[in-house]
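Each chain gets a letter, A, B and C, in the order it is written, and its residues are counted from 1.
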Amino acid sequence: MLSFTSQRLAVALSVALTVSIVAFLLLHLSGDLATAIAGPEATAAQIAEIRHQFGLDRPMTLQYLDWLWRALHFDFGNSFYYRDTVTSLVASRMPVTMTLGAISLMLALVIAIPLGVLAAVYSGTIVDRLALGFCVLGQAVPAFCLGLGLIIVFAVHLHWLPVSGTASWKNYIMPSVALGWYAVPAVMRLSRNGMLEVLSSDYIRTARAKGLRPTVVILKHALRNAIIPVVALAAVQFGFMLGGSIVIEAVFNMQGLGYLAWEAIARNDFPVVQAVVLILAVIYVALTFLADVANAFLDPRIRLA
Amino acid sequence: MTVAAPVDIGTGLEAPAAPQRRRAGLLRRSFGHSGLVLGGTMLVAIIAIALAAPLLAPHDPYNQDLAHRLIPPVWQAKGGWDHALGTDKLGRDYLSRLIFGARISLLIGTLTVLISGTIGTVIGVCAGYFGGRVDAVLSYIVTTRLALPVVLVALASAALVGSSLQGVIVVLGLLLWDRFAVVTRSATQQIARTDYVAAARAIGCSTLRILISEILPNILNALIVVATLEMAHAILLEAALSFLGLGVQPPLPSWGLMISEGKQYMFFSPWVIGIPAAALVALVLAINLVGDGLRDVTAPENRG
Amino acid sequence: MALLEVDNLAVDIPLSDGVLHAVSGVSFSLERGETLAIVGESGSGKSMTSLALMNLLPKRAVRRADRLLFDGIDLVTAPEARMRALRGNRMAMIFQEPMTSLNPSYTIGNQLGEALRCHRPVAPAAARDRAVQLLEKVGIPAAARRLNQYPHQLSGGLRQRVMIAMALMCGPDLIIADEPTTALDVTIQAQILHLLADLKKEFGMAMILISHDLGVVARVADKVAVMYAGRVVESAGAQSLFRSPRHPYTRGLLNCIPVPGRTAPGSPLGAIPGQLPNLIGPQHGCAFRERCAFAAPECAGDIPLVVTEPGHLARCVRIDALEAAA
């Protein structure tokens, strides 16, 4: 377990490092930073002054290491647009996206796992077909279309829920449904296929031969083993949701990380874009690492190795 | 999917089918697969509409007519047959824009998949065939790619290269190769272990020849399935990028852009987003049904 | 009254290209304390027969029988709840694959205890004691420590012993062992087999031993049923069967075993040419006739079970020709 964990940790750290290079390049590919910092009215001399002052005339490698060092201390420089540090901007927007992502994931898992289990237990029957049909249809509806549709029905016509914003918990209902929606088919398929595979295994036959009740066979013996890959998928999906929340935040006008990045891209505010890309990527890497560890913990064959 | 594995019923199940019978079986299974038939029909219809767009479209999709803005579709009280699906905020015929929009979605889907499929297949096949250090390095690249948030990086890159149809295709093509790499890698690993690859190696076939004449034909099924599903993915992403204003630019009739442009009118005229959204759902649904169907009928575990 | 009476048992599996007749017309009876061996090559329907008794067949399989009585209980009409109360409690099963038959996620103790506690209202500690006692009985050293271990920490032989202990938890009347030694090393096979024979005697159980190995069967069985292509082709007391096999298939099987002292070194062992017939679709006549040296035109007709001597039955119309040849 220890060697497994440390090995995975090494991979995670090196992927994070590579991602940081990509994020660093993203900023430098976006145009001349000195010009951007100096502003449109700056003279050539002022730009040269700023270039020197910010160390932009040094070799790229040096600049990267310097940037990485500061990024490790949560210093991502200043926004070009807002007169504020990137760090404080990100910190103020983070809770909205995290809350949205967490609720969406919970919603997706609560719907998808039982549906997948039911589809596997009743495989080949109408239950299975309906669940699979729901999946195929679900995958075809883009999250932002679903979001807009929800707004039209529940906010405009029924007046049950607020259209946009982040004022109360009610504001999170429709965005979470729209964001969680996209993860449901993947999680459902994986739990269904995992359950099907486990249900046909020898130890399930043993469990039935013991005279255990079907609920015990399914919930204790089958689900426990079928759920292991779902844990990893859930972590991956959470990462995707944080990245995909940009569209949902735009639809529902929620001032989260995605909205911040969207605005920043439109305004060429690349220090912000860079920071959000790096943060989301590092969160994703951390999540997959934690999922690997959780997997190992759930599977005694790895845990006790 | 098979039900609980029968333990001891051996006989009659292992009889190897003759190749001809198998091909005929594939066709028969394809036509017996209701999802595949439905999706295939829808997809063929949409492709036909896209190809014949200039013949089918009742109006010029770019022709503005500010006197007839936001005319509702024919099924609403104020609608009329002249503009069967109504007009948009600039008075352009919605049906014509929808028909020409199919071209954009299909074009983006196809070209993106060509680019990403090539990149992903090269990476996956090399990783799967050579294994060892090559595999480690390539898998590492795939892992790193997966860590990047797709929508965000696509948006930022599209902004960098300049938002345009070509820009979107290149950006998506360079981003969406991960699933190709993952699938072709494992498929190649399976093939590379088989006897006929060992035999080809033993008689001195060059690596390139083995890859092209032994490996590629055998991973083609898996590749086609991934290509369809990734095509749907690319179309959805383009719609999202265009919806966010950083994809295809006006006045092109991209469905995502139509939804974006209609957003401000959706409270009073929900159909302005409903119609392009329905088209988008229909196209993605058709492609996904075809992809899922092809996976079902070509998957070896379902042969028998 | 016999403990188990099986009359005309059949298992059909509908497939896309026809119905697979996995088991047809199988009949036998078993007294308390008796061991019945069911012998046949893979695909002959032996495992299907055992799963049919437990009603653990694959979902799509259809079971039919004129009579299926376990201690007077009609298993054909028994509702699932009744079957569940019997399974693992009064009729227990040991499977072929000890490596995959235990759940990798739970400890041995958990899986053993569960077998008892789902049928008896006992405290966890009592179930634990019973588990330790049975693990010792099946010859597992340091039994108490094993309870906290996971299946992957045990060897195949130990896992099969655990499976046996698990089957014994409720003290069943009937134990069905489906090729319990096939997946194990040869040295361990003998140990497990002796263990089963001893336990059967000690607990006074009846046993159905499923095997493709006649050598194994000869040592422990009271009665033998030879299956071929889903049918019982010959059944008899073990002595009678080994002394005077009547069916050409049984003879073929016996010729495949080298006998120390009688089979000369280097001399060819018998082999049965050909393979099992296709069991999909309607079946007519003797299924073995394609591979049989004594086959005649009448073999394509109906083949009744012939009583050759009391308790010895064979499903062959050419027994006389066979005798003449011998």
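Basically, a residue touches a chain if its C-beta (ideal position, glycine included) is under 8 Å from a C-beta of that chain, and two chains touch if they have at least 3 such contacts.
It should be emphasised that the depicted structure is a prediction, and the values quoted were computed from it without experimental measurement.
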**OP:** Could you tell me between which two chains the number of C-beta pairs in contact is largest?
**Re:** A-B
Original post:
Taking each chain's centre as the mean of its CA atoms, which one is farthest from the centre of chain A?
Top reply: C
Subject >> Where chain B and chain C are represented by their mean Cα positions, the distance between them in whole Å >> reply: 52
**OP:** Express in whole angstrom the distance between the two chain centres, defined as the mean CA positions of chain A and chain B.
**Re:** 22
Subject >> Where chain B touches two or more other chains at once, by residue number >> reply: 3-5
Subject >> chain A, residues touching no fewer than two other chains >> reply: 205
**OP:** Provide the list of chain C residues touching at least two other chains, using ranges where the numbers run on.
**Re:** none
Subject >> List of chain A residues in touch with chain C within their complex >> reply: 201-203, 205-213, 216, 220-221, 224-225, 298-301, 304
**OP:** Can you check the complex and tell me which residues of chain A touch chain B?
**Re:** 11, 14-16, 18-19, 22, 26, 29-30, 123-124, 136-137, 139-145, 148-149, 151-152, 156, 193, 196, 199-200, 205, 236, 239-240, 242-244, 246-247, 250, 258, 261-262, 265-266, 268, 270, 273, 276-277, 280-281, 284-285, 288
Original post:
What residues on chain C touch chain A, complex-wise?
Top reply: 54, 56, 84-89, 92-93, 95, 97, 100-106, 114-115, 118-119, 150, 152-153, 163, 166
**OP:** Would you tell me which residues of chain B are touching chain A in their complex?
**Re:** 1-5, 35, 140, 143-144, 146-153, 155-156, 159-160, 232, 236, 239-240, 243-246, 259, 263, 266-267, 270, 273-274, 277, 280-282, 284-285, 288-289, 292
